[in-house]
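In the part that follows, the structures are each spelled out as structure tokens.
Both complexes shown next keep chain A, but they swap its partner, so chain B is in the first and chain C is in the second.
Presenting the complex of A and B:
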């Protein structure tokens, strides 16, 4: 099939609200449709466009834009309103569902923001955050203070949707001989999940939380002028005719699925039924359960397990001692435990765990752009040269200190990349930590990357996962 | 981060040491001094077989034996502040003059305060959260310090550091003050002048430690408290424990294994190519002018040459970086293979000699090509002057080049200001072929 032309397309939501999309305003669902057409969709080109506005709790009906300045007092009703600087405006998307126009679901990513909270900092460097990402996602920044600055007014955005299907390199045939068009449904996250404050740091890296006060008055956000833009590749006439004729074919793609559970003891084994036959990797990130959907905390933080009593700026970390990955009751794919207790207690990189975690998101061999450093994870600066070669050092140019990018993960099949069958076998992860038993519930967000096959035929579309 | 790499030499901000040693806020003694951290590391072995893209048939070679030889501690380790305060020429400046008879010992733990000038220069010490270097103290509790005039005369041992603190605690920019315990007998009764320091030392005298005493530790003395004796006796060393070699394995289908066995038993044998490195070391006798060195490489399928100019003097020296390349006023370089000059014109390096050093773009492009051809993705081209090396890719797009049959040499031109005697390590990245035939394994 030869490609004749490339088209830049843009569609509007099929459920436009009278004002703006807003969780608080009762318009939390956005639906887009990409019509059945004899063209190929480049999924990596797909972008969600629109404007984003945060509104302070005490200002309506005037709804003045926020004024975030470093000189502002620690807490009043106007300052200290921000969204997570690593996820940015994508934190407003709680769930993303991609389906065909015949309602065959291809992929559903729940808790999309927490997925990005791990994936984006592992795969993007400080330069990426403060330049490339920030151009399309104004709230993106390596420091939460900088992200807050970018949101002191209504801002436009153009963000990629990083699901497994849409991150793939294979073009998606939209015609009858294909997926028959696509449907995209975005479910917005609660205001209390998206919005919290930000931190400033003194010379000794001690944090001060800037949080609007009182937080329970409820700041909120609005999305407006939403569109979906993407590139279409138009085949030659012969190719178009082929796509218009019902025929049989298949398409392989990766999908991300999410599972939620809670850990509340120092030695706990979580057993999950993944239900996927070609499972490529799994990773988990953690947050104390009481910090989810809580204005006073960042719902997208990716710190260590925490005992009760921690705060946004002083988490009570429960050091991870040991991790074991299990398939069907046997240690798999590692035939040994990942022991990290000594490094964790010394507040040094838990190397064995962290490398497996990175490898579950991106092959460690190709690990080149990342925000993760000893400064973000341990608060140890690593930016000075050897032997008095003075280099500019200003802490204000560094990412937030001790804002950890922590997780547990494993890549099941780094060699053949076919994946491992978990349809009839359970997946388990044993976490031995210093969590205080029964007193500190921590939520585990589990993300599974698996390979799926979409088969289309005159009889319809089937997805094998 | 995960391989134990630490870019920051500043005391208290190292992944190898815990404790912030903020001597401006508190007195630092043996009880709250930095302690060594145990790091968990996981690092790849950058070798063609062990870090290559291919699965290695351990069944065909009846297993693999891995032999690692540890390097000397003086080459592996560096002082966090380089040569600052180490040996007389690198001493820091005395702020308060010392007089004859100072430092009399009335008890075994009596101390004498030594005040050092405050500042960010190399021969001064400061602690400042806003400065480029957070804490520039090169000394530790247990160090034995000496003092001398700037010209090296009038040298006298001051004693073992038992604590250090600011001359104006809690107020920024105080002088660094060391309390030293003199290795001398308790004073006679009545005291005599010989009980204290034997010589007077003016402001601006050099205060320093001796490298050999740090590396080997000091012998115990009856005039020093036991805890301080212990601190002074500790030689510099490192230890590696709980070594494990983590490796993934695959189990091929039975038919694949059978075919491999058949091939191994045949006359043609089972052949496998793998990437490896051959090292050629050349001592450069000339320091200045156009230098030429022959690299006796005979690789038939070569990818790149990486040439690292090392300082001869720094090879076994903890006060210097033994593994980093030195610039030393190099002007340009060019490889010669047979009668071909590669690249066509000399690659300029002059800008590396600026103060502060700048980079030369052509050199970076050549280096990136060479590294990429070896299989190293370029992750960071910052601070190049501090990890300086030169390189040349002999091929592109995964192809190989033949070095055998013609001489390979490197020309590096140095200006008349060059002072360092150098040893060049040339790493030739090339392919080797292992053949297993009739139960015998050969590699060439």
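Presenting the complex of A and C:
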């Protein structure tokens, strides 16, 4: 099929609110439709555009700009209000559902923000956060305070939607001989999940949390002027006629699915039914359960398992001792346990686990840009300056110390990339840690990347997972 | 007829023996404003062939090259000529190169270009830990005052200024995809460079060099090419006889050898400013881009502010300044509007520019636009949230008159639109010119006009037949 030209398309939501989209304002769902047309959609060009604004919990509600500074916030102040600096404005999207106009669901990504909280820092360097990512996602920064500072005013954004389908390189035929058009539904996350404070650090890298005060007064965010932009490729006349006629064809794409569970003991095996036949990789990230949807904590933190210490106020890392990946009761694909106890107890990089985690997100041999370092994970400065600089770079210019990018993951089929069948076989992960039994519930967010096939025919559309 | 593998810049699918013969060419003619190199008629000209240059400042140890442009600031115009025919010409080259550099990765900018081009453009969180940013590859003198690394500071003695390089593929877009078969061309091939010079006036500051001392008198802040440094390091490639003969027979055939290549057409225009405004005032400017009948891949736009005094601008004359109320534009091609609605979302404009450049733009959000800096609740959109913090000075007393990093804010605001599609170089422009409608809004704080350069990336064709080169319009 020959392509004749490219079109720059932009659509508005089909459910416009009276004001802005916001969780607090009762408009948490955004729906877009991409019409059935004899054109090809370039999924990687798709962007969500709009403006983002955070509003302070002052009384009465005010629209004055925030004043995120290093000064400690006082009651009714507009200081200490931030969103996660690694996920940025995408943290407002809790769930993304992509379906055809005939309501056949192609992909649903739940807890989208926590997915990005692992994927983005593993694949982007400090400079990427402060430069490349930030141009289109102004809340992106390597330090949380810098992200907060950028949000003092209402800002515009233009962010990619990183689902499996939309990250693919295959063009999506939108016509009758294709998916018959697409619809995209975004469910916004709760204000208490999106918004929290930021940190400043003293000379010993001890953090002081800047958090709007009192946090339960309820800072909130708004999204306005939302549009969805994308590129369409227009085939020649023959190609357009082909796309208009009902016919049979197929399209392969990756999908991201999410499962939620809780771990509350030092030796626990989680068994999950993935239900996917071409499973490429799985990764897990963790957060103490009481820190989710809690203004006082960052709901997108990706630290280690944490012990509550009985109070849940100042949790401490519960070192991961051992990980075992299981398929149908057998160790798979690693026929051994990933032993990382010694490194963890010495607060050194748990390399064996980290490499598998990275490999589950991006092939390790292509791993070249990352925020992950001994400074972010262990608080050890490993970066030195340009050769002419006599001393290491001032650590205030580095990413937040000890803001970990921790996770557990495995790539099942890094060579052939066909994937592994988990339709009739369960997936399991055994986590042996220093978690205090029954006292410290930690949430596990599991993300599964699998290859799907979409088949279209005059009878309709079918998706084979 | 496809282009021979040996003339393409991508890796060859088949293994062959290649001989590289490097000549160091001195310019045939050189003065402060012009130089010409004449290439030898042998082999294939490698697109990685490099010109080495350096700049002499009027005062030593206080000047650096414009931060995002580097040594490219020295070149005003580059011309590739075969016989009397102009094969490729790049006008307003400094701004064009600055835009191209904006899509390099921060790692490439910092670890390659700082050494080869003398640029200084990667940022990091400020040491003051105040949520703002500063330059990364600098030395801290004291809190809030940095100085550049020694290897980027200019001298006033010939042969002592740092030596930088520009590849031919950077000067001429055509050489990104094609290597010239010099052995098949009978006429002399020459590369002509027109140099910028910086006179000692406030209006000329930043044209070639930026003096990091505002307290210094302008009349000594001059900069000019170091004529003793200029060389062309020319690589001539030769393959096995079979492969060379294959290309030769193609060039000697009835049809000749036809080589499509990309060239850049520059259109210069102006957006007038409005001073002493009390309320923001918008104005619509419609500009035609004269590329009728050509095939266009992309259009890029650079908007240089019309400052009277450039002494405090770290980006020099290569700054493309964002408006406090974003510029809104729509593009009309073949009587059809490209966008469903005019573009005014700064983040989306950055995305469009990235698409036109085929790589993501890599500058801070506060460098690209003033979007995070201005108070949207204020109709005048005053800046209430600066992005940068700190200063940079140089010389024996760097604190004497250092330049503020805030001059980098909104200074990399480029526009771009991409027309390419799979299998298609771009869009065929009909007889009607491309029309760009821009709405600019001046405010009390920003009444400055802009000198606008639009760069249209168009396809041209060169044919080589019996040693004679013909070039399409």
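Criterion: the second predicted complex is superposed on the first by the 442 of 465 C-alpha atoms of A that agree within 3 Å, B and C clash if a C-alpha of one lies under 4 Å from a C-alpha of the other, contacts with A are read in each partner's own complex, and residues count from 1 in each chain.
Everything that follows uses one rule, which is that contacts are C-beta pairs under 8 Å (C-beta built on N, C-alpha and C of every residue); 3 or more make two chains touch, one makes a residue touch a chain.
Values in this document were obtained by computation on a predicted structure and should not be read as measured data.
Contacts of A:347 after superposition on the shared chain: chain B is touched, whereas chain C is not. Partner contacting the larger number of chain A residues, of chain B and chain C: C. Legend: residue contacts after superposition of the two complexes on their common chain; A:157 is shown touching chain C, with no touch to chain B. When both complexes are overlaid on chain A, the residue A:380 reaches chain B alone and has no touch with chain C. Applying the stated contact rule after C-alpha superposition, one finds that A:204 touches chain B and leaves chain C untouched.
Within the superposed three-chain model, A:128 lies in touch with chain C and out of touch with chain B [touch as defined at top]. In the superposition on chain A, the residues of chain A touched by chain B in one structure and by chain C in the other are 385-386, 388-389, 393. Chain A makes touch with chain B in their complex at residues 203-204, 340, 342-343, 346-352, 354-355, 366, 368, 372-374, 378, 380-393, 414-416. On chain B, the positions that touch chain A within their shared complex are 1-2, 6-10, 13-15, 18, 37-42, 55, 78, 82-84, 122, 129-130, 132-134, 248, 250, 321, 324, 356-357, 377, 379, 383, 385-386.
Within the complex formed with chain A, the chain C residues making contact are 105-107, 110, 114, 122-134, 136-137, 139-140, 149-151, 338-341, 345-348, 350-352, 355, 360-368, 371-377, 384-385, 387, 417-424, 427. Put simply, chain A touches chain C in their complex at residues 2-6, 8-11, 45, 47, 49-51, 63-65, 68-70, 125-128, 130-132, 134-138, 141-143, 145-146, 148-159, 200-201, 225, 229, 231, 233, 369, 385-386, 388-389, 393-394, 396-398.
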